[in-house]
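Both complexes shown next keep chain A, but they swap its partner, so chain B is in the first and chain C is in the second.
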Partner chain A sequence: MTSTTAHHTRPGWSIVARQELSELWGSTRGSGVLLGFSVLLAALSYLVSADAGINLLDARESVGVIVQTAIALGALTALVISSDAISGERERGTLESLLVTPLHRRDLVIGKLIAATSMWVAAIVVSLPFVAVLARGPGVAFDAVIVLVVAGSLVAAALTAFGLAISSLAMSNRVSLASAISIMLLLAAPSRLPGVTANGVLGSILIKLNPVSAGLKLANDVLVGQQGWSNHWTLLISPAVAAVLSTVVAIQLSRRIELGDSR
Partner chain B sequence: MTPTRVECRGLTVKYGDLVAVDSIDLEVAAGEVFGLLGPNGAGKTSVIRALTTIIEPAAGTANVAGAALSDQRVIRQRIGVLPESSGYPSAQTGLSYLRFYGELFGLSRAEASDRAAELLDQLGLGHTQQRISHYSRGMRQRLGLCRAMINRPDVLFLDEPTLGLDPAGKEEVVRHLADIAVHDGTTVVLCTHLLDEVERACDRVAIMAAGKLLTTGTVDDVIDASDVPRSSRLRVHSDDIAAAHDVLGRLDCVDGIRFDNARPGDLDLQLAPHAVPPASARVLAAIIDAGIEIRAFETDRASLNDAFLALTAPGAPT
Partner chain C sequence: MNKLLAIVFVTICFGAVGSPATAQSLDEVVVEVTPVSAQVALGDTIDLDVTVTNMSTAARDDLIAHIDVTSPDRDGSVDPEDWTATLSKQVGPLDPGASTTVTWSIQPISPGTFLVYAVALAPDAPDVAGSNVLTVSVEDQRSLNPQGVLPVVIIVPAAVGALFVSRLRRNRA
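Now for the complex of A and B:
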């Protein structure tokens, strides 16, 4: 027997994560998406700061708009990257070569999850200068960073893992992307409910149950409403539960990763 | 006795109601280059995918590189696979791509880099820092071969490994496969449509059609099993041609006789493949007995291509 014996010096997921990170950020894919995100945030920042100049929006409101947009868009970009993770390999014909290595499918998913999450981390880093400029004071900036890091990360983790789960099952990249984005839009919809409906019992429950709208509402209440964290921590429950559940589901579904072109 | 590296019994693969592979038995020895042949849709790729643990067979047992199919990780550690429609990450260099796969097989980063560089050299890709997006189709195919060999596999499964290669590249790959089989004892299971490659490279072949295994054996065994008539050419003096035609026309082992208008002394013969004694010997004996001078006699062995076409033709006996 001549074959190499298994003595993994590093866990499989870390090998995959490193490779995926270098592929994501070494090509135009990651940097292109991030550039688009930056341009949108810059345009929005310009608009809200212009509004602030004529006293239509104060610093907290401006920062609130930016943070909510950063959470929604940043999570969306991570979702787009993760929903391509497995179905993209399948479509590009690279999946079979991975599946015939000793790599656990679970490690493949975890590695890809880490790489896709890096998109959110990059989104936070890009958002910080905008928050710093618009906050005009350490108090608002501190709240904004905490909201971004805590609520935003939970929402992003939930959506990234969710996109990966869909990608494991979807036989084409188009189906995976379309499903992920449609569900993201559905999840974001309750945060756009008119005030009366949103403040009602049903609306309030709907918003709290939905991880995306809960995260956005928390950003709004803490930054714009100045209502403090203690009154609104329950809004973190559904993003946290969704993040854990989606991650577990994505890892469990790794067992069902198939080539999908049976002949 | 040479150990068996690939063995399957009653291997059956189904996709829903469709039986893609219908209870086939195979045995491939260590260091053997084995050709798995068949027309499109014969089930070759399904056999490879079942043996490489990509799909679960509906029935049957198999042992690959010393492990049962249920020991998926052990098998994957010991095999190398080049799938038919293999894709490549275009943004990476060949070296980083191979290093990644080396690490997946348990090599340290340094070991994986060394092994990758060694393989790139062997397959004529050099230490290029070119991105894979700049590789030609042939270069990608060779990179796929490098990837399949990164772990020094006991068994190498190759689905159309010479696809996209120029004649020199094909020759090089076939020679390389024969080398690793002889020197490293690697078993090579080769799926291809290019039968001249198979004739040159394979110790044994199997022909599949519609999910069934039609025949297996050495190239000569398969040609014999196909009942393809052998072609022969007899040259006599042009004055004796009619007499020779008469003599040969009486032999039941001669299936066809044709005059060659361009060469008045030549007869093209179609000889029965399984005559006893051999048809060529009976032809010569009959001509000599008739007192006809033989100026030349040549027999052409039927090719694997003829045998393949005869065995896989619609309506051919299975």
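Now for the complex of A and C:
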């Protein structure tokens, strides 16, 4: 009885979040994605540290590569989980049972958002040992951890909410995943293209407006370029704005969640 | 009067033809590379001095020092731009008998034996002035635990893998 009372007083989103976290980390889904992430990061860390160990790669550059990869791949893992959140339920035929509960649809989305965000938190935990070991040599451990946690979390929050918004609209899980991953790749591409990263005004504006490339550029400028935070904190604006906007849009779209026909 | 004109004409003609020929040739420019041999481990850098001496009687300010790398053990060429970002440097003005030293820091990127040499060039010169050869022996350098990263590379995926296996077993049970 006591537990029933506690259950009723707990907010709806908290109930959903607890249930989703239990499903994500109690099954092999969360740990499987995290295993892939850790193996990729371990392989890359070994390769860059081997190059940096014989001076073929600057030690700071190796830290920058690992932090940028951790941000991009970590955000991708959270995006994969969130873009499956609603469309996956729809495809598995379990969305109906969720929608008939007394929970608000908004609580459903917030709870699922929290669960998907836990994937990014796990990615940070896995990345920290690699970053700490590689950053020890050039003495940039503090900057590396701050970039990973602050810039990475904003980028991940924006992409996670974005994936959930797409998942609410997409009738099929395949469409949801493909759309979310394609858009993330498109957003990450500009920071990797030499023509765009050149010091041109248009390229600079495009990088700053794009939340993913802005986060990755911040990591590069602070860790590899040895430029202070004071000149580059503006690169955090677009990830922060995107995180807030995506979250608001994902919550607003919860009203439009429909059962649809997943077939 | 005619004799005077003839003398002026001959002086102008010989002067015009003779001067550029001696100015353009690099016969009397000496290029020396030090050290003459180096043994390094892969990833180490070598400080290279290229000394250019002007042995002619005319001053020069058009010389360029250029270095190149080749390997006697390989059929293919070695890309010297992998060793240093700047292959050519201006020597600067050189008075007759003067010399100047241009320095490079080069970094071999693969093990083996390599030959490094320098040349001095000038825009209008028909030849180049070549240097002695620096023989570089690069020893391979491998570490199983570069920068102490190996324990983390093993332990972190192993720990996440253990979590994955435990969830797998629990779900199968």
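In this section, the second predicted complex is superposed on the first by the 248 of 263 C-alpha atoms of A that agree within 3 Å, B and C clash if a C-alpha of one lies under 4 Å from a C-alpha of the other, contacts with A are read in each partner's own complex, and residues count from 1 in each chain.
By definition in this document, a residue touches a chain if its C-beta (ideal position, glycine included) is under 8 Å from a C-beta of that chain, and two chains touch if they have at least 3 such contacts.
Because the structure is a prediction, the values reported are computed rather than measured.
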| item | value |
| --- | --- |
| Chain B versus chain C as contact partner of A:126, first or second or both or neither | second |
| Partner chain in contact with A:26 - chain B first, chain C second, else both or neither | both |
| Contacts of A:102 with chain B and chain C, given as first, second, both or neither | first |
| Which of chain B and chain C A:93 touches, first, second, both or neither | first |
| Contacts of A:49 with chain B and chain C, given as first, second, both or neither | second |
| Contacts of A:201 with chain B and chain C, given as first, second, both or neither | neither |
| Touching both chain C and chain B, counted on chain A across the two superposed complexes | 26-27 |
| Sites on chain A touched by chain C in the complex | 25-28, 31-32, 34-35, 38-39, 41-43, 45-46, 49-50, 52-56, 59, 126, 129-130, 133-134, 136-137 |
| Complex interface listing, chain C residues touching chain A | 41-45, 107, 109, 141, 143, 146-150, 152-157, 160-161, 163-164, 167-168, 170-171 |
| Chain B - residues contacting chain A, complex | 15, 20, 41, 45-46, 49, 52-55, 65-66, 73, 76-79, 81, 83, 85-89, 91-92, 96, 100-101, 103-109, 144, 147, 151-154, 184-186 |
| Parts of chain A lying in touch with chain B, wherever the complex brings them together | 1-10, 12, 15, 19, 22-23, 26-27, 29, 92-94, 96-104, 258-259, 262-263 |
